[in-house]
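Below, each structure is written out as structure tokens.
You will see two complexes here that share subunit A, one where it goes with subunit B and one where it goes with subunit C.
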Partner chain A sequence: MQPDLHQKQQQGIDVAVLVSIGRHPTTGRARRAEQDARGLELALAIEAELPGTRISMLHAGSQDDSSEAALRGYLGMGLESMTLLEQPEGSDAILPLVEHLAATSPQLVITGARAERGEGSGLLPYALAEHLGWPLVNSLASVEKVENGVVTLLQALPRGQRRRLKVRLPAIISVDEAAPVARQSAFGPARRATFAITTTTSEADSELAQWHLSPARKRPKRLKIVKAASARDRFKAAASKSEGKGGQVLTDVSPEQGAEAIYKLLKEEDVLR
Partner chain B sequence: MLETLLPILIFTALALAVIGAVRRIRLWRQGRPSRVNLFKGLVALPRRYLVDLHHVVGRDKMISNTHVATAGGFVAAAVLMILVHGLGIANPLLGGLLLLASASMFVGSLFVARRRLNPPARLSKGPWMRLPKSLMAFSISVFLITLPTVGLLPEGLLEGGSSWLLALVLAGVVAWGLGEMFFGMTWGGPMKHAFAGALHLAFHRRAERFSTKKGGAGRSTGLKALNLEDEAAPLGVEKPADFTWNQLLGFDACVQCGRCEAVCPAFAAGQPLNPKKLIQDMVVGMAGGSDAAYAGSPHPSQGLGGKPVGEHAGSPHGPIVALEGKALVDADTLWSCTTCRACVEECPMMIEHVDAIVDMRRYLTLERGKTPNKGAEVLDNLIATDNPGGFDPGSRLNWAADLNLPLMADLKQVDVLLWLGDGAFDMRNQRTLRALVKVLRAAEVDFAVLGTEERDSGDVARRLGDEATFQSLAKRNIATLAQYRFLQIVTCDPHSFHVLGNEYGELGGHYVVRHHSTFIAELYDAGRLTFAPWKGGSVTYHDPCYLGRYNGEYEAPRNVLKALGIEVKEMERSGYRSRCCGGGGGAPITDIPGKQRIPDMRMNDVKESGAELVAVGCPQCTAMLEGVVDASAEVRDIAELVADALVERSADDVTGASRRTTASTTAEEVIV
Partner chain C sequence: MSEIIRRDPRREWIARNRLHPDNAAVLAALGVNRGGGAVSEWMGPNGVVRKDPRAIGFIGPNGVKRIDRSGLQQGGQATATTTAARDSRRTVTIDQPAFLVAVVPDLTGGRLSGHDKDLLGLARRVADADAEQPGAVVAILFGEYKGEGGGELKEQTLGEAGIDRVVHLDDEFYAGFAPEARLAALSAVEREMTPRFWLFPDSPLGGADLGRRLALRLGERAATGVWQVEADNEASLGWRCTARGAAGSLDIQRPLPRVALALAECAEPVDETRHAAEHLTLAASIPTTLSRIEDLGQVAVDPAGVALAEAEFILSGGNGVKQWDAFHHAAKVLGATEGASRVAVDDGFMARDRQVGATGTWVTARVYMAVGISGAIQHLQGIQRCDKVVAINLDPGCDIIKRADLAVIGDSTQILAALVAMVEQQRGGQRDAA
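The block that comes next holds the complex of A and B.
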């Protein structure tokens, strides 16, 4: 982060970090989710740079031993408490989160891009943004500056590219592997931290209940065969994005024209019927 | 005149010494409580001093004899001096003994002085350089003032009008001697080691490490468990006052001989650790102040020089490792240690360096979450997958897919439980394990493995300071082992051996554990193994720290090699002085940079022995030593050497039953 963040007259902001119960890829044990932990790391970095920042951590879900151990994994990164929006297993997390965020009105909401268990559709940040009417920035690399209610963000794009964005607060940002790695969770702080448990009006996720869930199967990957004469060619092949066939680049079009083009493509690809 | 002056001098010095002692004791009592039987300790003190301590000191005969003459002479002279000159009991017999004692002390101090003429780098300089002179001052002056008492000098010599000057000079020298020996002993002079050292021996935190009259070598190497049930109990040591009072007393006992420094692999590799300096840092922290007065070699740092002395400071209730900047010790210093225990083995004051280092690591890991480099990743893996590499726990037995290993879950009861250790995931160690299985089968041992029920023993987690993960792994392993019946556990991993045998006991798991070399030696002695004669070249043996120093097993591996027909070419550092391979204590994980690598130094030792092959008995040592580039010797585990030399016994020996099992196994393999 840049030193100009260190202005003493800057006031801290309220940051809400949404965390879920993760799942270890090989053993399936509950743990702190990789992306959500990076989200908390980002919040802690903002706190370190911007004194007076208050971090509140939220989790919507049921309360049991294994999920508590996983949540304490986040707390061990250096938080004294967190809020647990208690709801039965299989409930939709979006409504209680929206209610809580609307009531506490943080300036910045940080969430992981995709949960490690359950649906894992990655739609939660978008649903929240829709309900709250706040802007959403995905795939965040770092928060550069918070000034007069405007946050300067660095968004990660494919192959190491970065895009600097200025977003008016309140906003939602989602974090994936581009954000800095989460710090180690320490046992002592994790054990001492407390939960503030709030019961919420929850609604069973009726759609999820109808789904049939089965373990994911690893799909075979098509090998990319590179025919290259020189090391330079091989490097280019490894580093460059494969050229997409077809498609078109639309520039300087009106929103209606853009939407129409997207609609047409979705029809063609059988996404919309 | 001297008759009046001497009692005053003696009793003033004694009174000051008592005041100093009270102050010193109050410094130690800043520490946390520790249960010690004070009376029993004091009763055991003479034996601990004369047997256990001198067993260590006696490794250097010259210094041992010097110390006997000097210290023995001093103790006798001090007591007699108080009687003769302090209380005025001018008995010629006591006077004669006093002359003898001071003469002995003088002879000893001559040797001390000779050692200080050109002192080795490991010795501290500073106030220690004046010690021989002070010893001489004390012994000569006591000798001279005692001469008139026994009538060897005319009584009037020191009383005449012209000799008052002589008496005054003599009194001055007596005062110097008393100042160093009585006053300095409790006020922090070099003689402090005698006062603190004696009490440390009496109130040692590991009373069980001393031998007893009934025999028994006395060994106590397992780390002490943290109480995790009590949420108020501190997790490790943050500040000097968090040590127990007898640990603080132990630090104060340090005589700064630097034997630890001479054997420390991290120090030799130029990593920022010098055990002697670390202990002195703790003394500085306990008393408060900066380390500017330290007069020995500093902690090395990357490059050739040392970390400058005088920049670090601390206080009893201040942090040892600063969150930012410098405090008493840098975190790198604590993470450089390989927990090889060479320093503890060598320390004549019986200081427990490794305990202190792990105590401080516990705080850094459990409270601060600051395990360096790959530490956090390894600990996360241990939590999520029960092994440090993050491998699928279900694949623990993949290396033995073709071996049809009997499982505990099927048999429930066997003679030998073969503990695989995390080497089961390592392709190099899998070769050792396969060799060991071949040997066990050749000797027709009734054994089984836990298979996927086995977890990491918790060794690495514990030594990285993560006591919570260690206890979690240990408790689950103990629960698994409780389901089965077996006579003993055999393992080829000395780290698992140590943890299962010495550290699970405190958590409720008591087992008979044997290293595979011990077990193979027993099998050979029982005539259950026959070996072909050795045809290879010269062989040396590398003692793993966790087998040798931690568990005292030096003989069995050598006996096995002897049985194979190998004559071991010993390295200069072998047995209890074996040099660590650099793989213990999570050192390869924390990976603190130095100017050279510890395994490189060890392979250099191997090279100097001229051996073409180095036999090892530890997966860590194998990995570290085989990682050395351009090594002059091959690295083989003892199990591999034994497996290669196995000869099928003649038909008369082989029972029908075992033949049948072999036959059925082969058939199964074909079907599978």
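The block that comes next holds the complex of A and C.
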């Protein structure tokens, strides 16, 4: 992050972090969700850089013992309270979240890319963006600076690459595994933190109820099917080791000519920067 | 010529006598061509088919006579016939499609990825389900399309992947991260063509992002992480899909919605037919939206910090690298992540976590440059999934040459030095010009 942020006169921004109940991959127990915790970590990093930033944490769902334990996992990262939009089990979380965000109008909304329970389709951030009409950036790696209602971000690309983006606030950003790892949750502060509970209008998710859910089956491995007209071709395909298409071979060339050919290929493939 | 068969006993006698000095000439006159081995069967004088068992087959590479009964290979003309036989894809054109299936491939690096091809295979399955009323697959391509080869061949690869129609949008404002512009374009396609299905690859930062945006724009509840699609008469659109949910721990079976995001290997890629890949242009111009997201371009990342398994460009050194300082310098100048063969690691020139191969890392680089590596099978296993392999080696007969797309035979130190000089000179030239 930029060191000059401290010198500049900055007031903080309002950040809303949306969190969900996670699921431990082996035991299936409720826990803080991996990606959402990273989102909160990102918000805490912004707060550290921009004094005066207010973080509000939101969860829409039902309140019971196991979910409360999971939510306290987030609170133990350094928050004093959070807002719980209470709704019965199996309701659509999008509507109350949209209403709440529209009413409180934070400048930045941070969500995980997809939930660890339920449908887990990763559509929620997009639904919020569409309903609120805010820009959305996915797969965030870090927030570089916030200035005059414009936030500069680093987006993670495949293969470890990064892309710098400038986004006008208010905006929604979603984080996945590329964001920095969440800090540990401290038990004491987590116990002391409080919930502000609001009841909301909620609609049952009737579509989801009609679908057939089952534990994930192992996907069949793809077989290498050889389609050949004759037995000889099939035998050849099965027995021969796969040879490359036979590329270009340059023999008896000077090092410069060889280097030039390589250079051309690298340029063509666009890997030289 | 009359129908009466005329016999010449003397010629027949000479033809039977392989030691007769005129034997070859007579055989040639009779149409039995033993030299090329092409004619091993001919119509005999009595209207009976005669076979010459000695003329069948050909002498194999090891001097052993081989007989190939597949009918493909006869004597010396083997290569020509087999290539013709390989190219046996059926050409399919669909002039009046009953409906459209839109596919938005990722086109990573300007080419159809394996994931894209699987997705196109799925689109074909959906489109071709009813042979009476076939649908057409329309692909919407953003950005530059490189393809394999150039000119006609380039279009052919699109057709061979199963694409009937192509909408190619390579304006500048679609480049980089431009979800809003791309979404506007897709909405325009929706307005003009109203495809029955929209299929996206569920790959981070490609279809996964765009597909979800489009689904919300169209008000559809997209199926994400789809890995299986089956016909189902009860579903509203005639298909049922199985999708991964809840971080991959759940299978959700539901009717296939209009917008679906599918995982890799959701279907077999197309390999038996060739489609038209006809270019379409959108009638209405796409409204340019004022974007609230500005792409400032890619950030230079330290290539040494990128995990080997996901590096895009790897410079790998083996036993044939003699000057390791020069090698490290080359990697830095080229901006490549460093890899190594086992020998280089065992000899202590490279760290263990840099080893590529069966007992090291399986890499997926787009460009893999193997310097002084012989290409042992354990090493080649590790680079199976690389796109382009460049080899620098002294030995033109070693295995890496067979795998390489470009092989330069020569001394690694000199060639690397020349390459570094060339890159530095080009960069310097650009800087001067700027």
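Points worth noting:
In the analysis below, the second predicted complex is superposed on the first by the 216 of 273 C-alpha atoms of A that agree within 3 Å, B and C clash if a C-alpha of one lies under 4 Å from a C-alpha of the other, contacts with A are read in each partner's own complex, and residues count from 1 in each chain.
To be clear about the criterion, a contact is a pair of C-beta atoms (placed from the backbone, for glycine too) under 8 Å apart; a residue touches a chain by one contact, two chains touch by 3 or more.
Not measured: the values here are computed from a predicted model.
Residue contacts after overlaying the shared chain place A:Gly247 against subunit C, while subunit B stays out of touching range.
By the touch criterion stated above, A:Arg192 is placed in contact with subunit B alone, subunit C being left untouched.
Of the two partner chains placed around the shared chain by superposition, subunit C is the only one that A:Leu265 touches, whereas subunit B remains out of contact.
Applying the stated contact rule after C-alpha superposition, one finds that A:Pro88 touches neither subunit B nor subunit C. Of the two partners subunit B and subunit C, it is C that touches the larger number of subunit A residues.
Once chain A of one complex is fitted onto chain A of the other, the partner contacts of A:Arg183 are limited to subunit B, with no touch recorded for subunit C. Only residues 23, 25, 28, 114-123, 126-127, 129-130, 135-139, 152, 154-155, 157-168, 171, 176, 207, 210-217, 219, 222, 225, 227, 229-233, 243-253, 255-256, 258-263, 265-266, 269-273 of subunit A touch subunit C when the two sit together in their complex.
Subunit C makes touch with subunit A in their complex at residues 68, 70-72, 85, 88, 108-109, 176-177, 179-180, 204-205, 208-209, 212-213, 215-217, 221-225, 227, 243-254, 265, 268, 271-272, 292-301, 305-307, 310-313, 334-336, 366-367, 369, 387-390, 392, 396, 401-411, 414-419, 421-423, 426. Only residues 24, 26-27, 29, 31, 76-78, 183-189, 191-192 of subunit A touch subunit B when the two sit together in their complex. In the complex of the two chains, the subunit B residues touching subunit A come out as 231, 235, 365-371, 375-376, 379-380, 383-385, 390-393, 466, 468.
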